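These notes open a run of structures that come right after.
Two complexes, one shared chain (chain A), two partners (chain B, chain C).
== the complex of A and B ==
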């Protein structure tokens, strides 16, 4: 393996260079041309996506390359998650070209968005605790700033503040866990940690302490109960497009980091981990769904639904068979598209309403969705697809992901877990169907709205992927299975 | 290069449905609908002429989700082919009959085409996953057909229909999953292939086997419907629009019977107490026949009477299934086909009367023959066929079921069934005598006879009923081959 061959790093390089370029050239470009920066960012993201699809790493079930003294690896796991992050950012960027058309801070916005994406990509590829942490922080710092991007809106600033404070504390906890792990094993390389523990064992108290700190640190990003409190406030207050990035991108970064650290490095603690996540998964999905029912703000509802979905995905940490982990990873992909799409649809509604009435409070209130099928038929239709996908109705990605995940759980003998999950799915149908009822059955709450094209394009991309995974999941599932295999399960 | 004929049969109505949904004028919608529903009929006839019914043929198999053993596998044999033919005859004729529909026509024809998609899918799927998806697809358009175009109590009827049959399919789904996961644990690899799962079934533990068997049986007999679970049917029928009733009675109910032959028959000999199971199923069949007939006799509403006559007639399918001799099983399959054709005429007649006289209460009608001679002629033909007049297809089916099962059933059961047959004749004749003959009820006012397209549609059906009553061989041979293949694996009697 030649260390001079950096072709596999092309996606990261494209995103990094474009991020720097956007910030730099933004200094000189007049505001009215800044929309072009968004288009260029989108172009860079789509090139990176195509590059990942082209080089075929997704079809390999073994590691393809490592860089920087084993600190950075390229395999189907990393590429799969990069695909998730890039796609989410891409969809968000499409919609943003409309939302921030007139803003003079567009250069900062796109720069931060690209850096956040870069941070997530670094996490996906990291094979070392330090690389992982740096990527984690790069993404977090960028998203803290993005969450408060609507500077004049107090809610947005509050959201950013909460996110920042709780995020920093959890980073500190995470770092503390890393330092304990380093102290106990003498290395920061994930595989070396695993090998050390296999050879020398780990004192049970140290092991427990490490597990507690790492679970607390990671589940903050994954928004599992009881570390989820920031999520609804932040998702509600942030600009809606950034909520999409947080729920679909940033959250998934927590998952890939957890996959890497828990499954690759700490597989020796498998039994403890399974117990911890068994409880976390059940509490998270039940709590998320129960609380989502009573929400009137659609963004908050989606936030709690996202908490619940994180509960389903974390079933993969309980079951830990290759099929289950593959299913979890597929679920990550599906959820990324469903959730981005749903948030963008909400963003479109908020945008259309606030364009008419400036400073409309609670534009994402459920009542504003009444009769949306008459006021904005395309948005309503897309929203219906996303909501049905989240509820797990065929032929959508949500159904396939749930089906594979639950099947793998039954096959591994976790009947209780599956029963809870299925009952939760049934429960969640209530609030998803209620939204569809509002959109399609109730009389319209106002005049017909003009639907913004950029948002429609973003939703179209998400709808196509959601349906494609639902109808023909075989290749996606194979990529996810390859990703699971590379973790050495 | 051979064309994937079955996929085409599913795809063409699907495309037709989409075009129909999007079409802006009534004419465009109905022309698309009739073309898209007739092409599958042509394909079916082409397949009919070139095949050997005893084996599974025209199998199309593609991997779908290989990691979970889910395949897109379609095939037809002697069991499914006649039913596919039936579906492809009924849907175009229904569309023809409903040519004059005026309310939201693009959705109406689109939904009818979607029914065709679902039903053909059910009859041809060889993969349980696919089977279940198509099974559920049939549910949704029918729900909308009832809830949009239905009568006064349409909301109640639609939701009752949906919940009732959906619970049945969920129970069936659980049984399918049980089959799947236990077979997965046994063989070490996942597969939803129906044949594979049925082959694994005998080695399950006894309790599990019975639970799975009865769960599947429940799923199928609710759809048929058989007596304890029949109450959704009259409500759905009474409120459904005529085209909806026709499709529901003529082809959706047949999915239940198809499930009995395709899935339950190979499982039956492997249940722990086979003779008990057979007795239970036979009792369900006999009770359906007799009780359904008496219920029909008591009805005041013509359409409700026809709905209960469906319960009674479908009882012959259950009975023929339970008797497990080739003659009866073939007869039961033939009953499915024949009832599918006859019931269309009956429901269409009810629809025409409702449309013309604005009531279906039998006592409020009377002497309609003076105003509606053409309808009365066709309707009389349908009623005679339904009560089992020799020379019509219903006679052959019921006669063979009874002749075959006389060897396996107790004699007093047979007496009860013959009593049921007598009641069947009674309620048919009595109803038509009161509604169509006698003195004309002047309160009904001016009544139009059949429209041309309605008459064409009903006349074709009546001709088919007579044709298959005189010359059952074209379909019978297929069913016999299918039944022989099925019963070759059954050695208990």
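== the complex of A and C ==
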């Protein structure tokens, strides 16, 4: 534990400095050169990703460093999630350089995007309720503004308003839960809380009260049923690239925060937690898949599928063996790439259609995807890979992570849960396969479209990672298992 | 010295008022005010517990959360203004393009 060695904070520092720089220099740069800001933001993100891969913390199963009076830790859990957040933003930035290339507000866009990433990274590294809350709020506030970024579009503003209200309520409830937790234990450090409860115990009423507030606060962010109402509206209304960030980044931040608080600090309440999440996981996956079937808007369908996937990931909280938590973490990684890719493919279709016809009301309607393989073959192919990965078909990331997660559940004896999850996977195949049928079997709904190169590059990155995890899962699985070990289960 | 119970009761009542307001009100500004009440009930808790435990962590936490609440309110009003520009209303019952 060295005090003056801040090299492990390099990814955060790069993102923070670049965020400030983009906002500052955006003041002086004329609009036609602002596209460069997107390029250097992407560069900063890729440097941060390489730095995390280079310094090898992902291979360690022990804590590597702590900073700021134990409020900030570097271990494989934090680095793993930072990798997820940085890659999601990187993919979103690549596509954004095309989507917003004529916008006057690009500096603000990239600044907010980098600050949102920074907030998520702070949550991933936090070891104290205070740092966790600040990171959580930094990421939430930046994404509130991003969700309403197309501010002349009533849908986008409405999505931002709904997201803002529900998000603020959830953070207020979370803060109330934190205050009770602090009151019960007298400290805000996560490990100190765990040590205090182990030594002095926790009255069962106090424990229940804390758990109610924290579960409500976190599951809003994770979009588990019955706290999911905001998610479909927000993902449908916000700009598609921001939906990708929300579904793949912001939601995963809810998961890492919940892992930290529930598994590191409140492991003493394990039994209560398992019961709560057992019910939440089953309701969430069933409801998400059932409602997704009847959706005609692809963005909304993906939103409900993302609700269902959150149900699968939260199985980790039910089983709580090291293997299952590792599997949940691996699922977070694969879901991040599958979902970002799928939203960006939808974004590409919406972009191509609205370029021809301004103000097309429902550009992401299922009918617009008919015969997409003829109109935009590369986008259609990438979309097919992403939806098959989401459905869990080999050799993709979705299959590997589902396989590890479900086998860990069987290993721990949760047969009911696994049965429900597998039936749900079968159910979900219906609406994923329907989309593929629309794209590949039905006749084209219009002429050939010119596919934007930036979107194609973004989808290519996501496709490569999705296939890589599916074909060669060993390193990813080992990182995830290291991450689960550092939580000290 | 006022016992801890009274503070907790007060913060509980404030929390309930905030939630009630969020459910019953439809004007955007009032919703934002209810959010502030919710956050402040948690701050009150933190400060009361800080004095009860005799360490200053809770007060530091409350200071941070007040700053965060201010930033959050600013974003809320910005979104409300954007909403008023496109829809000419901040009555949240009419904000219903997106559903099911």
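To be clear about the criterion, the second predicted complex is superposed on the first by the 489 of 489 C-alpha atoms of A that agree within 3 Å, B and C clash if a C-alpha of one lies under 4 Å from a C-alpha of the other, contacts with A are read in each partner's own complex, and residues count from 1 in each chain.
Everything that follows uses one rule, which is that a residue touches a chain if its C-beta (ideal position, glycine included) is under 8 Å from a C-beta of that chain, and two chains touch if they have at least 3 such contacts.
Quantities reported herein were computed from a predicted structural model and do not represent experimental measurements.
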For this session: Mind checking the superposed model to see whether chain B and chain C fit together on chain A or clash?
Result: fit
Exercise. Which one hits more chain A residues, chain B or chain C?
Worked result: C
Exercise. What is the value, to the nearest 10 degrees, of the angle subtended at the Cα centroid of chain A by the Cα centroids of chain B and chain C?
Worked result: 150
Exercise. After lining up the shared chain so the two structures overlap, which partner does A:133 touch, if you call chain B first and chain C second: first, second, both or neither?
Worked result: second
Exercise. Touching A:256 in the superposition: chain B (first), chain C (second), both, neither?
Worked result: neither
Exercise. Which of the two partners, first being chain B and second being chain C, lies in contact with A:481: first, second, both, or neither?
Worked result: first
Problem set entry | Which superposed partner A:394 touches (first chain B, second chain C, both, neither) | first
Exercise. So, does A:472 touch the first partner chain B, the second partner chain C, both, or neither?
Worked result: first
For this session: Considering only C-alpha atoms, give the closest distance between chain B and chain C in the superposition, rounded to the nearest Å.
Result: 34
Exercise. Just which bits of chain A does chain B share with chain C as contact spots?
Worked result: none
Seminar exercise, completed: Residue set of chain A touching chain C in the complex reads 129-130, 133-134, 137, 141, 144-145, 148, 151-155, 157-162, 164-165, 168-169, 171-173, 175-176, 178-180, 182-183, 186-188, 232-233, 236-237
Problem set entry | Touching residues on chain A, where the partner in the complex is chain B | 323, 326, 394-395, 400, 403-404, 407, 410-411, 472-474, 477-478, 481
Exercise. Once bound in the complex, which stretches of chain C touch chain A?
Worked result: 11, 15, 18, 22, 28, 31, 35, 38-39, 41-43, 45-46, 48-49, 52-53, 55, 57-58, 60-61, 64-65, 68, 71-72, 75-76, 78-80, 82-83, 85-87, 92, 95, 97-99
For this session: Show which residues of chain B lie in contact with chain A when the two form their complex.
Result: 63-68, 133, 136, 177, 181, 184-185, 190
